[in-house]
Amino acid sequence: MSEFLHEECGVFGIHNRDGSDISIRMYYGLFALQHRGQESCGIAVRRGNEIVCHKGMGLVAEVFSPAVLSGLNGSAAIGHVRYSTAGRSVYENAQPIVTQYSKGAISIAHNGNLTNADRLRSELSEKGAIFQTDTDSEVLAYMIAGNRVKTHSIEMAVAEMMNVVRGAYSLLIMTPGKLIAARDRFGFRPLCIGKIGGSEVFASESSALDAIGAEFVRDVLPGEIVICDATGMRSVTPNPPGKPSHCIFEYIYFARPDSVIDQVSVYEARFRAGRLLASVHPVEADAVIGVPESGMDAAAGYSHETGIPFVRGFYKNSYVGRTFIKPEQSMRLEAVGIKLNPIRGTVSGKKIILIDDSIVRGTTIAHIVGMLRKCGAKEVHVRISAPPFLYPCFFGTDVPTGDMLIAKANTIEQIARQIGADSLGYLDIGSLSRMIGDEKHEYCDACFSGDYPKGSVDDKEEPKKQ
Amino acid sequence: MSEFLHEECGVFGIHNRDGSDISIRMYYGLFALQHRGQESCGIAVRRGNEIVCHKGMGLVAEVFSPAVLSGLNGSAAIGHVRYSTAGRSVYENAQPIVTQYSKGAISIAHNGNLTNADRLRSELSEKGAIFQTDTDSEVLAYMIAGNRVKTHSIEMAVAEMMNVVRGAYSLLIMTPGKLIAARDRFGFRPLCIGKIGGSEVFASESSALDAIGAEFVRDVLPGEIVICDATGMRSVTPNPPGKPSHCIFEYIYFARPDSVIDQVSVYEARFRAGRLLASVHPVEADAVIGVPESGMDAAAGYSHETGIPFVRGFYKNSYVGRTFIKPEQSMRLEAVGIKLNPIRGTVSGKKIILIDDSIVRGTTIAHIVGMLRKCGAKEVHVRISAPPFLYPCFFGTDVPTGDMLIAKANTIEQIARQIGADSLGYLDIGSLSRMIGDEKHEYCDACFSGDYPKGSVDDKEEPKKQ
Amino acid sequence: MSEFLHEECGVFGIHNRDGSDISIRMYYGLFALQHRGQESCGIAVRRGNEIVCHKGMGLVAEVFSPAVLSGLNGSAAIGHVRYSTAGRSVYENAQPIVTQYSKGAISIAHNGNLTNADRLRSELSEKGAIFQTDTDSEVLAYMIAGNRVKTHSIEMAVAEMMNVVRGAYSLLIMTPGKLIAARDRFGFRPLCIGKIGGSEVFASESSALDAIGAEFVRDVLPGEIVICDATGMRSVTPNPPGKPSHCIFEYIYFARPDSVIDQVSVYEARFRAGRLLASVHPVEADAVIGVPESGMDAAAGYSHETGIPFVRGFYKNSYVGRTFIKPEQSMRLEAVGIKLNPIRGTVSGKKIILIDDSIVRGTTIAHIVGMLRKCGAKEVHVRISAPPFLYPCFFGTDVPTGDMLIAKANTIEQIARQIGADSLGYLDIGSLSRMIGDEKHEYCDACFSGDYPKGSVDDKEEPKKQ
Amino acid sequence: MSEFLHEECGVFGIHNRDGSDISIRMYYGLFALQHRGQESCGIAVRRGNEIVCHKGMGLVAEVFSPAVLSGLNGSAAIGHVRYSTAGRSVYENAQPIVTQYSKGAISIAHNGNLTNADRLRSELSEKGAIFQTDTDSEVLAYMIAGNRVKTHSIEMAVAEMMNVVRGAYSLLIMTPGKLIAARDRFGFRPLCIGKIGGSEVFASESSALDAIGAEFVRDVLPGEIVICDATGMRSVTPNPPGKPSHCIFEYIYFARPDSVIDQVSVYEARFRAGRLLASVHPVEADAVIGVPESGMDAAAGYSHETGIPFVRGFYKNSYVGRTFIKPEQSMRLEAVGIKLNPIRGTVSGKKIILIDDSIVRGTTIAHIVGMLRKCGAKEVHVRISAPPFLYPCFFGTDVPTGDMLIAKANTIEQIARQIGADSLGYLDIGSLSRMIGDEKHEYCDACFSGDYPKGSVDDKEEPKKQ
């Protein structure tokens, strides 16, 4: 269960051409992306030459009330949901950011992670910049503002910025005249284009288009800048794109299963992962069980491939909110157990295949295996629908560092023993291309393989296989 | 999807014998029963001769903070989660109720519905009673207080009350000296006994025992009164019990699948319902899909019986909280669609069997069928894992009245047409005994059959088949 | 500074004859009485045969939002503000209480304190009553409900209740047909009648009439029952009234200075108290200073009588709200000093007369005297505009018990020394009649004199001079 | 009643030398300055090389809980309370601001108003600056950051900034190594130095020193920069100071009466204003009444000079909080009347002198005069303890613009008629020097006289007498 893995963000934007209520569409669009970030959220709306913004800590349904939304209509809007690592969970870092620069107002919403942000930040500081947040968005805003003085359009300023900035970013940028979408030249993080009425819509995932009844048009391409203004929508790709390197973990875990990302259905990729896993690591058993929710779709695929029945293994208590009190260790109750409870009848006396999408530290899966044994499971065979995590991600996935990764220092057999499984099997790296049905290998699997796309990180800090 | 059906409540209690932290156990116990009522909740704790109570509107995790819990320790406790019909959703009706009567403090938590409450209420009023709530618990408190003057023990007063009160009730009663559990003579609503350390635990469902690590002991029997005091636990059954009539809808929808109620596993009953449905209403198809979450377990059973693959049909957005803004009809967005989105690849071009546990008005299932068709489903065959609702429930299930029930005025064919299904099949009443594996027919299926257990309602207002 | 003295409550009611917005008038009426109770408040409104009630912990402006008020219109209303002693500060005790009895709905709001409540409560318990609050109002509701069965009108039931109940009460009672005001036979607590448009208004103080633009009509008389119904307003006095015994402390401290109570202006009484104090305890000085706010009006009177200038001695920080963090003793900062700061220039090198209305424990006044000395006051002469507290109040004033009262165990000289004053003078009991200009002595000064009005407390618990 | 006049801010800072709990001192210091701004507040604390900041909308006692304060300890701190004009009341504008620049963290808290901020802002924008707030503090941070690159110390950077920036500012600046206080070269806004233990304290008003038990040392001088670091406290005045021009309105209205600002006691200035007013505009009357709270101290002075008794005219309801519902005009209730109620006995049949400190639009005083007449006042003579407002303030006082000022377009007689007064008298400009006892005329009275201190505003936008 990927409780240690986090996406960094989701973005959503509308260039409104028909006077519709933009605020409620923004609301449902961001709500559909809530799984990409639950820490804070915000909507910035263009009204004439002004940009009005409302942000807050918490979920979309908490931050935006009907009263707030009624003050957020306009001719265009961009929005953001954010996850962040501990310690920087402050209002200041909520997005979109809105600033005034020499040409007026500009607002930016950003999903991804720059790999040369520190260097850029310090270069800007030397020229007098002051930083009020920890976000890459602020760096991007400075660079666009700086470039804009020297160029004749905002898209040129964005293009120059893209030439300097390294790493992963799917961006929405809004000015009094334009709404711009841009994706880094590797296309790490998803970003797609939709249409509703005559209005253009941009979203991190296609399922957010579905949520407002918009039609999917296409993905924004790696290195592409899409500009919406009064004259319509147009596209430029000013810098040479890199080899497409879509994040494989969007398919494995991050994205909604009902999304289609860069032409691949997320659900189908997961289902295929389960089938592939079954053929690589078959085992005789009475039932296939998925860890809710992260292992469910691969479990369905495993069952389909093997004919072993796919049954419910657990009840998941979904009433866990922000104020839920987690049990302390001294209570001998495990947080996992309060949230998940095995279905005794499904498990007792049975040989179980337990499917999940990843193992990070191993503590959670160990606890789940333990619960199954306590309920009388005869055998528990753990199958993971992805290869083991071994390398850090520089592109917006918050994978724990080396020591936290059980696969780093242990063999498969050692891990199996530690988590109490009768056997353990991971999907192999070689199966990933079949999983997403992409023979051209246009994805990034560096967290598993250590193969970082060439040119994706600052040459001064290029990572090596560790 | 049973969005029109609601359980009335859940109860949880602990008679503490070892000085453990009772408040945190109460918290996790009630949290495990949250599905039985989300409107309000409360915990009453005994401290010497006093009873301290904290109640509030909202979820367990909202009402109880660590600070509040730290003030709720003691030698025994009872708690409650409540659902209520609109209009009476007020703090005053939250439970447990705590009152002072001639012998001191008494607290009551109640799950169920009395069928002669109005008559009892008016008889009490004639003797000078004043009512500050709409709850049956207040009526029960008056009756116990009135009986107690004439008897020599609280359990005798409870016994006399049970002799007069009609309908469904699973009760927990706490006084300075005792903690008492009682179940009406038909055993409509569930109530079971657990043990942790030397302490007795009572819960509406066995899964709440699991949540605190307590061991299941047995169900409280119909008509039984279980008394815990300083001398231990004992049981009396002062009035002749009726024919056991456990609510069939606990198995079909209300209870957690990981609960075992009156010796029947809820998950297995649902799985069997799906298998039975498959044998009664078979159809050729490419995939079996369950409506989340209510249809999932029967869908697994249907798939198991037929070999047709059980696949995920929808993504369910679980970030819907209390403050979520529902789309207005004018937006042409359906609330259902915002919460549920079909997985296009699973559905497009396929013949689908769609499983749910009930149809009330038909609007929700119609919308879901419509979404599947819009995603390109070739055929949609709806199968319902219970018989049609035709009769009112007097025992604590909030089934809508006649006009709201689509099955009341329409044939199966008419319903199928209205909801847009290619075919529709309900489980038949005859299969229910096989569903719960109970040949002695010790359950109540009056909402389907109109056969109300004899003597279960006040003779002055005995319901008839309509 | 009377921080240890508290009024128990305030009541406000309207019998609406012209379809005006009753909720907003109730709001401003209660807001005007906020000084009488800040713990909780509530408004009960009659709508046809139903009574709708909204209550909450906190101030009127916190508990009632525009949205809540919009749901509180109707043909009559009663409201309440409450203060309570620690430990019983719970929602359950908020008023008005609303109950159902044999004749329908009834709501009661109560200011005062019954002296035989315990006995009544236990008598009612013996007959089967259960008590869900600690309030006298619940006792009154039971008694009225019990009497109503035996009589032919609600006012007769109230009259019989008044015949049995002992102590202080100013009551508002609302039923589907009537709004009734009643005052105990001694008239301890204030209650007056006003008129706005054709509607009758009842209020604890006349200033609440001013707040809604209502005209003062007259005080409710001791022992009187005033009934408003469809036929108009009428009055009965079914039981023989006692000797009027209006609470002297309403004039000294509790009531707003702009109120006129039982025909005496509160401000003028306080001003006269200062004048009388000057003639009884004169002293040469440079300035008269009042302790804000409790000593200000008497200080003006003292200055007026003596010609010694009345100047500002302190700045009072009024931003102290519910969440203000009081300094801990370890900080060597006193809560008093954070809230009050002396005006150095007024005090330094001066002989000061410092006026307050009472001394309870002496700690607060000692601290204030200390602050003046620290600012360079040459002499500080403390003058108290009331006699020393020596006896408990049974009629709704929360005077601390014996040990907390500095005057109980110390001579004037000892107190002066303890509080650091150069001299100390109290108003004498003999001056009280001149203070309120009432030669007939129709007030209660038992807290000073120990002379409890004859028949005011239960004969079984008649207090004695201690 | 100066309800249309607002101070812009207050600042408070501590350079902690003895490890005391800095957070609670900051809390009480800001609490003491709450009258200077109620919109938002914040505290920034230095911890090693980091600066931690907590800000929020609302009052000090609302924004800072014990839990928040416990996270705000460190070796130095600066804090801020803010008032702002409508429309910019957003979290982003709360202070202190904290930014990262090339040399590390810096935090700024600012009271005042720059007169060339727009020009500076646009010059900075041309060099690539982006602005995330509307505050002058952000401009100051940019300038200091820009200067710091070219100079060898932060105080030199501040000095150069002061050379360029025009207008009013009292500043606190905190870096990892220093805490710096600076005041513009005219000394418009107050700022003083205190001492507690070995620690230096800075505050907008001396009363904030009193609140934490700190000793007053001296005022920061116009143009002075005071630097606290590990080596102690030192002072530089790098730029030639202007003619001291302390804001006269601090004495008339803004400051707490218990403060001493630039060696003048605020209370005494107000008292003297009343005495001067009496000698300039005497009138026969029965009583002197002050409008609470703004007219109270001048009323005491007027009474002292004339011997006419100073009595209480009104009860002021102080329970008006953030959520108080103001009466709508349609209710024929005035907000003023709900908050202020005349003491009838003081007023009825009397000739009244009513004292306030200013008239802005005239509507409030007209309503107050009307209330007195309705209560039977025979005559009402209004006396204002300051000259009429005629000119805009550029230095941090939010005086309404021309059309809102009744004195702008009306003669004294016309104003008297409009507000319903029998006579009206303002303090004359000539008396102001006697009011503050300052023969050297080291104050700014431009809002009355139009004489803006030479060089105080940008030469490109120098205001003229209008």
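For this structure, a couple of remarks:
To keep things simple, chains are lettered A, B, C and D as they appear, and every chain counts its residues starting from 1.
In this section, a contact is a pair of C-beta atoms (placed from the backbone, for glycine too) under 8 Å apart; a residue touches a chain by one contact, two chains touch by 3 or more.
All values reported here derive from a predicted model rather than from experimental measurement.
In summary, no chain was found to touch both chain C and chain D.
Repeating the A-B interface, with the same residue numbers in over half of the contact pairs, is the pair C-D out of A-D, B-C or C-D. Of all chains, the one whose Cα centroid sits at the greatest distance from that of chain D is B. Averaged C-alpha coordinates put the centre of chain B at 49 Å from the centre of chain C. Centre to centre, using the average C-alpha position, chain A and chain C are separated by 61 Å.
Shown here, the protein chains touch around one cycle, each chain meeting exactly two partners.
On the side of chain B, the complex with chain A involves touching residues 21, 24, 27-28, 31-32, 34-35, 38, 59-62, 64-66, 69, 207, 210-213, 256-258, 260, 265, 267-268, 271, 296-297, 300, 303-304, 309-312, 314-315, 317-321, 323-325, 327, 331-333, 337-338, 341-346. Within the complex formed with chain C, the chain B residues making contact are 91, 97-102, 106, 122, 125-132, 138, 141-142, 145-146, 149.
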